Amino acid sequence: MKNSVDISVNFAGRQLQNPVLTASGTCGYVDELSDFMDVNCLGGFITKSITLKPRLGNPTPRIVETDSGMLNAIGLANIGLERFLSEKLPLIEKLSIPVYVNVAGQTLDEYLAVTEALCKCKALAGIELNISCPNVKAGGITFGKDPAQIESITAQVKKLCASKTLIVKLTPTVTEISDSARAAINGGADALSLVNTFTAMVIDIERRKPVLANRTGGLSGPAIKPMAVYLVNKVYNDVAKQAKIPILGLGGIQTGSDAIEFILAGATAVSIGTATFSEPNCCINVIEGIKNYCLRHKLSGVEQLIGSVE
Amino acid sequence: MKNSVDISVNFAGRQLQNPVLTASGTCGYVDELSDFMDVNCLGGFITKSITLKPRLGNPTPRIVETDSGMLNAIGLANIGLERFLSEKLPLIEKLSIPVYVNVAGQTLDEYLAVTEALCKCKALAGIELNISCPNVKAGGITFGKDPAQIESITAQVKKLCASKTLIVKLTPTVTEISDSARAAINGGADALSLVNTFTAMVIDIERRKPVLANRTGGLSGPAIKPMAVYLVNKVYNDVAKQAKIPILGLGGIQTGSDAIEFILAGATAVSIGTATFSEPNCCINVIEGIKNYCLRHKLSGVEQLIGSVE
Amino acid sequence: MKHSCSCKTKALAPATVLSNEKLGPRIFRITLQLKGLGAKAFAAFKPGQFAQFEVRDLALPAKYAIPADLKDKSRKNNILRRPFSFYNVEVVEDSVILRALYLVLGAGTLRLSTTTAGDEISLVGPLGNGFSVPKNKKLALILAGGMGAPPLQHLGTFLAEKHPEIRVAAFAGARSKADLPFNLVKTHAETELSFCLEEFARHNIESHVATDDGSVGYKGFVTDLLQHWLTKNSIDPAQTIIYTCGPDPMLASVARLAASLNVDCQVSTERVMGCGFGVCQSCAIECYKPGTQEKIYKLCCTDGPVFDSREVAWK
Amino acid sequence: MKHSCSCKTKALAPATVLSNEKLGPRIFRITLQLKGLGAKAFAAFKPGQFAQFEVRDLALPAKYAIPADLKDKSRKNNILRRPFSFYNVEVVEDSVILRALYLVLGAGTLRLSTTTAGDEISLVGPLGNGFSVPKNKKLALILAGGMGAPPLQHLGTFLAEKHPEIRVAAFAGARSKADLPFNLVKTHAETELSFCLEEFARHNIESHVATDDGSVGYKGFVTDLLQHWLTKNSIDPAQTIIYTCGPDPMLASVARLAASLNVDCQVSTERVMGCGFGVCQSCAIECYKPGTQEKIYKLCCTDGPVFDSREVAWK
């Protein structure tokens, strides 16, 4: 048996050395996990959401564990555009892998302002448009539930970052996700990222109050994986395959097998979120797992697997 | 400490001795679980879905376990109206608790025909309208995703069962569940049951095929509980509280604490589904758990808890 | 599909692990003890019945001890029980001792494999119908494929003890020697079939072994071994019955053989089970509506797991 | 919030359980051994740092052994790690021995409680900043509340060994005698404070006990006990430092006392932690922006768990 295989993939025109990226909000801005893994071994890096001004985020508790999952209501706590550019960008410039900055905002203008500033940075491969965060009062998911708004915000953002990859991150909590996907593609998205978290709630029955200070939060982790796989497969079959728009699949991925499941369902690349919390080198293990699968199945690479579930 | 407490609830005009019912499709037609529990101790019984003609259901595999959950694509396998009336109704007549028959169909006419026949049966307390089954080609969920259709089918069914409780079972996979709830209430629903399963998929990566013969299935079990609690709370606050329409809450309930969580979120009663598979007397344990909670918190009953999360 | 018996024949009860030994790279033998209500219900356990084991709260092996091909599978948090047969069920005073053999295949059986003496496992059972012994049979031919062995070993003991009028011959097949969940004993016969199985020999039941790779016994399928045996032994079809358990393709070929011999045949089947007691409809098995070619689904867990081989609509 | 160090100071490593003993109804002591890379990283473990324990793959206790109030909580399948401090960290040849005390509160600690010698637990650490020893201190006052004890015991040993110039006095408080995670030793002094703690006495550190219900030692809060002690002992505020760990309300009252005494104070805090290494933002702790009254969030896991008591915006 050979013991190496090329698992690079073409993701929206850029060759990634492997299909494994970090998920926004779970792996920091750039080097927070470098004690546990060499970030340059990843397929790419997606940063925590950046907003125009720094955001403190929601009061605590901000997370609660659930059965095979967790809720978070971090509320987009982040250092803001300015500090990102001054403190983080220099570190990003030193990396050899593509970095995509996740962009969030409360108003259209905020999205545009952040995008405009980021698109001037040579070191960035693109942006991931977060119109699906369930944990903020304004903005976020409110843009992401209505296809007309998805198309409009995507188009306006794309105008400002024509030279960069624009990934649009969709919320799964809609009646027809393919409508959201179509809208993003019509608006000019170069790739789709799905899924963000599912809105959910845990109640502390002793105090008769929601556990999270924000009342509700977004469910992530292995619990959501089968729903995420379904949604990726649906969007792939309904829209993405024909439009030749790659999907970044995520939701509960812990192992190489999980990543292969998303790829078979239609994802060109995958992101690792919650699993990083318990296994900070999870991305590396997933990359190894994908390689082993390819070797075991005598595949020359992963691209032939994309969307190939019968 | 007292050691008994009255946990009866008024559910759509009928007093249930306790707020714990079986969930459709997980506890048989009536007495299948009697080796493990005395069905007469339940708050009520909800049967497997009944269709006009017997249905064989989908090919196998029909289920697959997931992280803290499972997918099912049973496909409404059932003995059909005629055998239900001849074989099961006599057993139901011997029960002392209210029995609700879950009704499914592929066409509006089928729903109406089954409802009409059932509503002639004195022994039945009502019907639960299943317009949210994700595992059949026609009917089921297709009625349940569009508020206009929900209202129309509810209204037509209600006309035929004016004297019985009509529970409408909603699907969680919509953008705005409160619109579904409002539509059902406008159509004349006496109660809402939420949630049915979430559409999902598991892929066998060795065979590169979906595990389920039906490709996709419905996710149930503890994995979905935080989403179900959220949806119950949302519908309670947005619609049901003001309309004074009780909610039957379900999705991943395993313990008395889980049931209390749903009640605090706004459910008047709860159903136990998947948990019965691993713990066939789960309903009884949940009833005990609710009683213990009330005793420990020195409550005179559970009704004061309904929707009382802050 | 009748569920009208209201007497309590099944129990949900804790069992104590008496021992859990590793027999082969992935084969374990577990011995459990039931007391109280559990013992009461399982005292009536029939060969071919099964129990549902709760595995969710058990530990996984340490990471280094998990075989590479099961590492990813082991990450699943289980909620459903797992069905297992027993190769021996013994009433000892007021307790019942259950003995099972199991193969480690995924998260559930990995969890089971870490239990040690004194641990508690929740069981639901006895479940399913079990084998039956029709009147006027004089010869029982037992065909075990791979991990289909346990219920048939139980049946062999049962027949030897309760039906001395029936002559029994057992045939066990597996991929290779290591996969054979029996103790091999060398016989004096100097043929290629010079091994028998201690578990059957103990009850004076003749036994024969086949392996796909010929690593022990007859090289080939267990059905071929039976046909080989039939060339040397004459049978009266009406007084003969075949009992079999194993992978579906083997069951189908045994069913065909039984049909060609015009011999009754009971097959013990396996399906993925959500509940084990007839409420989830997950374990459907395609059958013929009695006397017709019309296909219907029966439930492996309550209508089976044992079916008349003519009932099943083989693929 | 600086994360620019690229040297590897943290490890994700398996630890072997050497022992896991039940000390009280819900208190356990666990001893772990790390080798290889894990030992290398943890050899530099400082008092006040912590580690994240993986609990997801461990067994729950048998159902009958789970306390009634934890039964429902125990049904949760965990995925996140659980943070714990150590009361003792020892380098023994090429291995590191870690000793922790923990309280059984939910599914995660129930799972931890079933481990036995030889089991493997995955750790991530060392995490957090740990206590620091400012220059020119001559007196350290240690105030431990309930399960806040372990890191302070570790600190006491550390000060005794590495800072002989600093006099240490320890004060431990708990709800009642049973909740006190220390070994009580009777002293000769015939006062109401006639008990001291073996763990500190061993290092010639004076120690005092307070319980809310007076079941042992001083009846009242540990802060009151300290004030009582201050009436008999004079201190030089500039050369004194208070170290404390315990429930938030206690930390707040210690912080107030320290402020009133004009004494430096380091508080070790606890927050629900998703990761433990700065990427999930779950462990936010309200602080003042240095030199202002403006509130900002710091991270308990990387900026803390130890903070200068003046930094924290107490509720």
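Order of writing sets the labels: A, B, C and D. Residues in every chain begin at 1.
Keep in mind that, in the parts below, a residue touches a chain if its C-beta (ideal position, glycine included) is under 8 Å from a C-beta of that chain, and two chains touch if they have at least 3 such contacts.
Small disclaimer: the values here were computed from a predicted structure and weren't measured.
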{"item": "Chain separated most widely from chain C, comparing mean CA positions", "value": "D"}
{"item": "Result of counting contacting C-beta pairs for B-C and A-C, higher pair", "value": "B-C"}
{"item": "Centroid spacing, where centroids are CA-atom means, of chain A and chain C in whole angstrom", "value": "47"}
{"item": "Rounded Å distance between chain C and chain D, as computed from the means of their C-alpha atoms", "value": "53"}
{"item": "Chain A and chain D, separation of their C-alpha mean positions in angstrom", "value": "36"}
{"item": "In chain A, residues with contacts to at least two other chains", "value": "66-69, 221-222, 257"}
{"item": "Sequence positions of chain C contacting 2 or more other chains", "value": "56, 75-77, 79"}
{"item": "Pairwise touch network: line, ring, star, complete, or other", "value": "complete"}
{"item": "Contacting residues of chain D [partner chain B, same complex]", "value": "71-73, 75-77"}
{"item": "Chain A to chain D touching residues, read off their complex", "value": "25-28, 31-36, 48, 56-57, 60-70, 72, 74, 77, 79, 91, 221-222, 274, 276-281"}
{"item": "Chain C partner contacts - residues on chain A that touch it in the complex", "value": "67-68, 222, 254-258, 289"}
{"item": "Chain D residues touching chain A - in the complex, by the definition given at the top", "value": "1, 3-4, 6, 8-12, 54, 56, 75-81, 124, 271-272, 274-285, 295-297"}
{"item": "Touch list for chain C against partner chain D, complex", "value": "14, 56-60, 62-64, 74, 77, 79, 114, 119-120, 122"}
